[in-house]
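Each structure below appears as structure tokens.
Next come two complexes, and both contain chain A; in the first it sits with chain B, in the second with chain C.
Let's look at the complex of A and B:
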């Protein structure tokens, strides 16, 4: 039986942003549809509306010309709309079978039979009696999918399903999805990964800023065309020109950096020595968990190590805390945006006040100068194109990209001589990544220096003038990025050596 | 957000309902009993003054505690800080037992605040420099301070003409809080509490210290990243908290009590924890909460007199308030829906 799902003029407005602006889309079974967009484009909101988690302010959903009232997830289930979220909704300590039987309407015996049928049909194999916590991410996802299949869905919505999967698991997932599609299940696939859209989907709808900006056949699209639609402008190819700066002054110099920790989850650092020149970007590559966290915290002053010498602009700063280091014009952008660089429960201007130093006059004689902080925050919001101008907005309402722009803006608006950032584009979409890369290059052009600790080799090769690799707390020799290739980096990151 | 300040009211209503049920089970007419509990005590001017009298120390201590709790420091030992404040303040008052002078009372009050502050510094210093758990240390110190008080009132400080009763001499009039009205026990200490409310509002919302407290309470990682002096802040919030508890202690002994003896506080220091949370750690919320909780003290006394129920029912009510507050906070984040009991709808 053919299924026809129609979304008509859906709108949803949150304080400070329009998540869905008059969205209309039509889906027919037999095809896999991609819903593509950056973080914060409104995909998740639309999906939540379809699955009954939130109600739209306006608009209607039709399934086979029947107007659906979706006021709870239960309604979506009743109407045979299945949904697999990015984060799994499984009871970790219960067995697979128990998880599947929780909301089943039949007795255990016939349920087991039906599950086995599904296994056979789609070539799944999962032990039904092991606890879910023993499963891999891909297997957990399969359990979620089976849960949907048990209800013989007409529509199956997958929200960013591959973000936790290995390549092998992704391939398996795609095979299954194609099978479901052949059987007449309408599949809506939400993602911001362009390659997946091209390899899996038949039709693609692109969303931007809450609106549907294009609907097209994937065979007519290429990675570049989709990327441009998604971001809304032609993506300029960023390539940094390498700073040939042999004679420039070293403005930052680290000697004998050692760190020893009793905590088995921390990595010890062994005798790191390096320096950064004026206007240069020093990249530090490595697989995460090789000491980057500890290195960042020592460079920012959150951890003070004995016997280390850190010279910045000819002053010894190894004993200073982050606030004191900021006074010397250093700035820091940590990896963890949500619980370290900013506090989601605080308003934007309060988060701006976290980067407080004497010249900013945010706090005069111990008192809060709210007006000054707010003016300063407004300037950051506009200078760094954060998509709100409301400084009273709680930061939790900002998308990842916008939050990162706010944080970078906060750190950069003081014109620091050295910015230390750790995975600045982690989890962001293409548009935001591009913006942040451009910003980082601009800093170097203005003769300011950066240290970029990143697990993304592509990013490092694009932005760094010199690169070193950190492996198990030790730093490789520092190489000019012209002599480095991603293969070489890969070898070093895996603990090998090159000559 | 509005709900956040609304749940304390739900908790209070549930407490009253819960109390009614308990009275009913005990064989009392619940309406009557609740009337004795919550209305009779404040139906005259004297009762109202007693309410303010009891609310004063609760409010003061809770204000202090809010600084600790907001910044993730769990000072449970306000009762000890109150006791030690009373010991130090009382010691100064005894020093002047036969003297007159306008300067005596301020000295006594100051000594009380400093006493509480010093006593609160013990868990704070142990926490910052030796990584101890402040909950345990501050709690255990409560018993230390009570034993010190015990020793003093039976030993060196006991009244030479006191027939070996465990109490000190009466303080001179110059060490006593001035009474606000003839015939009522309400005293000038209430102004200390109100001043603490204003001052704490100002510090929490208008100063750099307040900003640091807020950030540290939400995320210690962020506080570290911003370069706040974490250790200094812990010491400061404990000092503020201890000083407030010390003031409450000295207010009791120079106000209604007038000397030192074993029972200077009916666990105000512990009850203030409930007050702080019922008031949402907000200075003005705490005023309201301290009045409500003070009423449970008075109600318990009236109930003991008129209904012959032990006055410890007051603690039952205080316990219920905290219980219902925590429960409604927890349930606040859930949507309660009544479903028809068809099997296929019994999901999640």
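Let's look at the complex of A and C:
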């Protein structure tokens, strides 16, 4: 039976922010719909309304011309609207089966049978009796999806499903979603990733500042046209001028980097050797989980490995901790903005003060020099166009893009000679990505060096002068970006060889 | 002094009796904490249970009413805690501490006229078997119904949490109230129920003290047992069976060290008095050192206030 979902004049106003402004959309089964927009455009509010988590101030939702009253998540369930949230709604300490059985009406035996049927049909395989906290992000998402499928949904809403997935898992997800679509489930796919929209979806609605600004067939769209609609202005194309000169000084040199761990969740690193020249960007590509985490932690000094030599500005720094390395003018931007780079519960200026240098004089005689830190923070906020000038704001209220700008600003305002960043644009929208990319290029223009560890090959090709690929803890030979294509990188990232 | 076998049987029987209030209070608090609520008011709820049970016994001369009334008084006082923390979203720790202070004060006031009144004998079951079977008689028979209930409770609690749908919901709420709410579970209601159940068990634990264990009313007669029960729950890593073990060790060493003091061992009395606390913690830490199990049993959202999105 065909499903027809219609949203009519939905509005939701929070103090100081119109999250949804008269949103009207129509969806029909048999197609995959994209809801595209930057962070804060109102996509998540809209899907929370559809799943009954919050109720709208105004407007109605119709499913097959029946007016739905969605005042709690139970109502959405009853009306066969399934929802997979961006932040998983699972119970980490309960087993997979317990997670699935919590809202089931049948007995455990027949539930197990039904789950196994779903496993067979879609080629899933997950141990039902392990606690969810032992699963990978992709497996957790599958549990969420199975939970929806068990209720034979008419509508399945996916909120930014690929932000935590590896490329392999993303591909698997897309195959499943297409299967669901063929079976008549109406799929609404929320994202800010343009490429996913083009490769997966049939129709796309773009949201900006709480309003729907365009609805169109994806076949008539390109990455650029969608990006412009999403941001509301023309985005400049960024491409770095590749700059490889043989006679520049090597500023950073790593020799015999080995790392061995007993933890099965960590990757061993095998004999990495590389160097970075002045004003150069060295890109390190790879699918996540191939040792990037460990490499970043070793370069930043969080992990000290024996017998490794790291020369920075002609000094041996392999035994120094992150703070000491910073004193030598290195700077770091970790992948996990919320838990590694910044403390979300602290205010902006307090986070800035965490990066405390002898030279910065943030602390005098053991006391905090609050005014100095605040002035310094204000400078960062304005220099790096963070979308607020309130240094008292808690960092958790900044969007991902603004938080990343703050972190980069904090790291760069001391004019470091080498910046090491790990997935700096992870989860950001195009506007913020552009800004970060421009900033990174500017650093190289000022003859400072960068090491960019990233899982985004496009980003690497845009920004790096030389690129190497990390696969299972081993580094490929370092290539000039001119001779590298994304196909070549793809082969190396998959463990192949290009010679 | 001769340690004959029948004496050991009586000793074990008395150890069991002394650990009953701990088992009851800790089992109740365990359910409360498993739903993510940290109620530090155990001591307060126990003492209120103790005075209401005793007062009702004196007034009505009916032990059944006294027992049920003590549980109801525990429910009522925990309702205050529930309303404050779940409806008014106050801090769990501060509210729980206030509840204990309030309970101790209120019980002293209510109990003024009941000091010195002798208690009534509480009926014991199978008293003839107790005398006729050596060793096992005093262990297995001749106890009050409350003791048998207390010893069954950890197993029932374990079954409830692991095997029943409601137990699953309680654990789910304690793990992630936000997810539970998004799954359509009424988090506030579940937590209210768990808080009230915890209150009832603490009330019963108090009544056991004032009606059965030492049948009289003495001001502050719970003497810190509520705090011990709280500690037991944590050190037993939220496992009902380990709570039972912990309570027995604590009760056992308390009784044993009293005997040792009486015999006149050359160990400082202060050390002997500290021994039950030390040993309970050491044993529980040792038997629950599996960090994976701790992680699985610990209610992740314990003590955190839950806001429902609107």
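By definition in this document, the second predicted complex is superposed on the first by the 277 of 499 C-alpha atoms of A that agree within 3 Å, B and C clash if a C-alpha of one lies under 4 Å from a C-alpha of the other, contacts with A are read in each partner's own complex, and residues count from 1 in each chain.
We adopt the following convention: a residue touches a chain if its C-beta (ideal position, glycine included) is under 8 Å from a C-beta of that chain, and two chains touch if they have at least 3 such contacts.
This is a predicted model, so every value here is computed, not measured.
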item	value
First (chain B), second (chain C), both or neither touched by A:353	first
Touched partner set for A:367, first chain B, second chain C, both or neither	first
Touched partner set for A:304, first chain B, second chain C, both or neither	neither
First, second, both or neither for A:105, with chain B first and chain C second	first
First, second, both or neither for A:341, with chain B first and chain C second	first
Touched partner set for A:93, first chain B, second chain C, both or neither	second
First (chain B), second (chain C), both or neither touched by A:323	first
First (chain B), second (chain C), both or neither touched by A:74	both
Chain touching more of chain A, residue-wise (chain B, chain C)	B
Which superposed partner A:215 touches (first chain B, second chain C, both, neither)	neither
On chain A, the residue positions that both chain B and chain C contact, one per complex	72-74, 77, 102-103
Residues on chain A engaged by chain C in the complex (per definition of touch)	48, 51, 53-55, 72-74, 77, 85, 88-94, 98, 101-103, 131, 133
Residues of chain C that touch chain A when the two form their complex	165, 168-169, 171-172, 175-176, 178-185, 295-298, 300, 309-310
Residue ranges of chain B in contact with chain A within the complex	205-211, 214-215, 218-219, 221-222, 224-229, 337, 343-345, 347-348
List of chain A residues in touch with chain B within their complex	72-74, 77, 102-103, 105, 300-302, 321-326, 332, 334, 336, 339-343, 345-346, 350, 353-356, 363, 366-368
